[in-house]
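Notes follow once the structure below has been shown.
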């Protein structure tokens, strides 16, 4: 049951992800990207990481992609972009780059051995909120705080850049 | 989970869905009646007794109105928009505990469709998706007023989600759980969260208004400016679904507010009532049923409040709305978190 | 094959009572598009007001978007400059739609028998109900609304596909 | 703005208070068509062509009303009264046809004012009803002339 | 005269607007959206069109189009006898038709040289001030509607029904009153009308105070209106603003005081002025004017003189009906007046009254015929709407809508 | 200086000369005089700038058509108002209908913009220097200027009246 569900979800994810790239209309791309996030969230749930699943939806699907869509709507580039065709050179270059990436991935994954989970010691609650929190604030305290600071800096920087772009009134 | 439980869940989900739809349908009626009463009018009174069939007439009319897709619209997304709005709206009532536990034939039956241990996050996630319906619909209409409405909806929802989430965190700090059922259980009797979180509730209330696009935050569809906003180009049932989704959202948000801050199905002296019965099963069931009634009373009170406010206040302007969200509500919510944290620490220290 | 008894021929019994139900629903949920240009628009405000309260008929939701409106209430003078706009709005409305010409100006031009005023909107769109008066009292506007309700109640669901209706639209050069 | 006004809430609460007060107030609505609103006695409603005490038509087809009409809504043709028709028409001249185009009419009351014979009146108890067809609004004498009063009732 | 009140805010706004043109030329800002506001947009009460150039929500430029209900009043007036123009004036500013009526009548009376008895003048004042109240209360409550607060509108509309009741008792119609005649009023105030006015004076202040309470100090409303659609006194005067919209900028020009007509000099009242000329000031000025109008009505109502309600001008004022039936002379006058055979003297007159919206002027040229040779209306709305483009530039879409409703542009008057 | 009609007229004649300020009379308490189209703008500018007069408010502009006056068929009336002194005056300019050209007033009064467009729409006045002289009230396609006396008022498509009674 879980296996078939996994394969179904995985293929759906891949399909949606492909559609993101293939779709001509950027709005469709965004919508497929959102679908991709959903299927990934479903994967998280399969892995018993509900918190991650919810946060994935809230943050990525609920906020970031809304912003993407927002920007797309503003510039409304869907119609303009469709007319343009890319040159042969860029197509070839794209194909080569993609192929190389594929090769690297295969090479990297070829020798990977999945460690089998020991059913006796496996804690099914490992992905739950409480455990996650505990781990973050004990074992990974320093990286977590560093990431937080990094985020804060990035945010402040984004605000500064945004402000300087838009309004002469404030700065 | 055995099959009886599954059947029970299926029935319960159907019932909740039905009730949601019914309440949403009749919300339109109550909206019109309440508006009328506030404005010294009588409101719809010619369709059926006291106009009670008015929502059905509206629905019937909308069903049989011409389906219209504007020539320049993006057909797929144009149809998808109201669908998403409706789907997302009706999904969110799944995790709300409308009542405590009933004991039927020795079996404990919880009056909640799905118990998820991250119920709050679930609701939050689903609500945050609601904006897609408006955005996609508004964009697909290929109408500038719709597009403006869609853009307003997007920025408004994102901004107010933040403040909403932050105000929620304070509640979560108190309860220590993301499960709505646990949060509800902790507020037994009269131990409601509102007593500890008045500021948080206020922020949440304001954000709830904004998230459901109700006056004074109804900018995405403000009639005087954008005609109908994102649903300007919609006719027939697609419009109906948008309107429906709005009322379902109101219902859900009212339910969430009752659960988080007003003790859900809890009411004062419920223990006294429980102890008044000699049979504990009977006592439990009576208290639960009264609890359900209390829960719905709270929800209706909130729905009334939503409508009452709508017919009283002028709406904000776009930039003022943003200012209120980012400059006032978010700092206040953070302050609230700090205060709550301090309070909890102080309590631990003192007692 | 014998003749069907009266009332059972044509559309079946269920179809007709179904039509009746839908007709009733439509009649009680007529959302107006107030195309208010002048004085009659002010009287329409009075009709929406507490004293006359158009909401009793289920019509208090003014749909300024033509897609969502059921009746086009043309109130006030329609100048020749405005005529095409009226027609465009009418074309944008979704079926079923009705048009009420309220007041002397919209119905016939009234006292404005001048070079710039359209002598009655029935020159650009088909009108279902005429309401006289300059401006009509709110009672008369409600009266007009009730006439439309009568029309809606008795209208066949298929009327909008009938050749007569198509011919009517064609005579106004609509679509 | 004072501080309390800055806080949004007091003004909002005040507004909510006012609307709630109205929620319980007596409603101002008049249930037309079941009830009708009282109109003043001089309300300018639908036209009527009056008869005199003997039941004869007062109108003499002088045409003043048509001249006075700013909307040019009144037309009439005059005729000579024949002998034997004295009970029908008060003067020697009478209106053979008398038409008011109710769509054109703006109910300004100038015709009533212009009439030297007190024949045309705008009555306060009737309003021109809405109708479906344009032709139905040409009110001829059949619809304008006051019905004959029978002796027993009014 | 002009109080010369200026604030830095208005200057700032003006500067911002001036810079807009520069911004428009900036190639970065060429990517503007065109938004068509009207002619059937719900916020254009009445019909006019604005094609806006928007940068996001900010209006960079606007091109107004009017004439959607042009009805050729001035042409009709050249073809109708003097008395038949009264119904026309009703339909010009239909929110305050009695003022239009009376203004026209006073113009003709000025041409004919008729003096009106005091009682008729007082009745006129009462009616005109009632009309002003009904005009202002529509304008201010519509401002509420456009900002989303619908309910206050319906509260004051109930009161407007009572004003209509009074009209109905005086002339027999609700909106297009056709009230008054050249030489006085059509009929005297009936006891019932007097009673209704008394009732109105008692009841209305409470309703109006309640309406003010709902909006005036509500921060949302203040935020929406303060500084919105502001115009400086200089620009306003250059555009020819009059009435409440000019007074909101701080210039206390009021025809009722500057050129008193119809014994306005008998009454005590104040002219409220604003300072910034923004939407909020216009709202406040109108609100205060309603109170002043109430004061005037109260004075006129208390001191209503005895006497005739029309001038003794048999050539121009229709004789009473009873006379017509009896006396030959009256009948002849009656015929002559109705047929429009009484020729007015040659001459030209300008007369203006303080209409609901500002100086409502009538410029009448008579060549001695039965109809005016030329009748020109100075329509205040025509002037306001011209300035609208300038007033909304740099504001947001929502501001534009509130500015429009606070200017109280009435399409019938705008397009004539 | 007290603003009476005589004083103002004297002042203006002293400034612009007898030949440019003529036909002065006082039909209704408002001083009315005629000037030429060459002087009209300078005159209004003078009235605007003068310290004593401060006539700084354009009340209205109205065109009039006199088909019987030879070479003076069209008349443009400017009515001005000095708000500070509450003094009104009226200036007329007569021009032939063959050559209906006037200088624009828009540089002094913003209000003149639409008033001049209206005059153009109704009578066909051409205002030189006007920023946007197009029809304002009527449709752009209209081929005549409807307020000229020779054109009919009525919409000629009206069917529902018989003219015999109306005496017009």
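All chains are identified by letter, namely A, B, C, D, E and F, in their written order; residue positions are counted from 1 within each chain.
Going forward, a contact is a pair of C-beta atoms (placed from the backbone, for glycine too) under 8 Å apart; a residue touches a chain by one contact, two chains touch by 3 or more.
These numbers were taken from a predicted model, which means no experiment stands behind them.
**Student:** So which chains are sitting against subunit B and subunit D at once?
**Tutor:** C, E
**Student:** So using the touch definition from the top, which pair is joined by more C-beta contacts, D-E or A-B?
**Tutor:** Top pair by contacting C-beta pairs is D-E.
**Student:** Averaging only over C-alpha atoms, locate the centres of subunit A and subunit C and give their separation in whole Å.
**Tutor:** About 53 Å separates the centre of subunit A from that of subunit C.
**Student:** Where the centres are mean C-alpha positions, what is the separation of subunit E from subunit F, in Å?
**Tutor:** The mean C-alpha positions of subunit E and subunit F differ by 24 Å.
**Student:** Per the centroid of Cα atoms for each chain, what is the distance between subunit A and subunit D, given in Å?
**Tutor:** Centre-to-centre distance between subunit A and subunit D: 73 Å.
**Student:** For subunit E, which residues are shared contacts with two or more other chains?
**Tutor:** Where subunit E meets two or more other chains at a single residue, that happens at 41-42, 67, 70, 72, 75-76, 87-88, 151, 154-155, 158, 176, 214, 218, 220, 339-340, 415.
**Student:** Note the residues in subunit C that touch 2 or more other chains, in rising order.
**Tutor:** Residues 50-51, 53, 56, 64, 81, 108-109, 111, 113-117, 134, 137 of subunit C touch two or more partner chains.
**Student:** Could you tell me which residues belong to subunit A and also touch two or more other chains?
**Tutor:** Expected reply: no residues.
**Student:** Show which residues of subunit C lie in contact with subunit F when the two form their complex.
**Tutor:** Per the touch definition, subunit C meets subunit F at residues 80-81, 108-109, 113-117, 119.
**Student:** Which positions of subunit F touch subunit E when the two form their complex?
**Tutor:** Result: residues 27-28, 30, 32, 56-60, 62, 64-65, 77, 79, 83-84, 86, 88, 90, 109-111, 113-114, 118, 122, 135-139, 146-147, 149, 153, 167-168 of subunit F touch subunit E.
**Student:** Which part of subunit B faces subunit E closely enough to touch in the complex?
**Tutor:** On the subunit B side, the touching residues are 35, 38-41, 144-145, 148, 215-216, 218-219, 222-227, 311-320.
**Student:** Enumerate the contact residues on subunit D facing subunit E in the complex.
**Tutor:** 1, 5-8, 11-12, 14-15, 18-19, 22, 28, 39-40, 42-44, 64, 67-68, 70, 106-110, 113-114, 116-118, 122, 124
**Student:** Can you tell me which positions in subunit E touch subunit D when the two form their complex?
**Tutor:** So the residues of subunit E in touch with subunit D come to 80, 83-84, 86-88, 151, 155, 158, 165, 168-169, 171-173, 176, 178, 186-187, 192, 210, 213-214, 217-220, 222, 318, 321, 324-325, 331, 334-335, 338-340.
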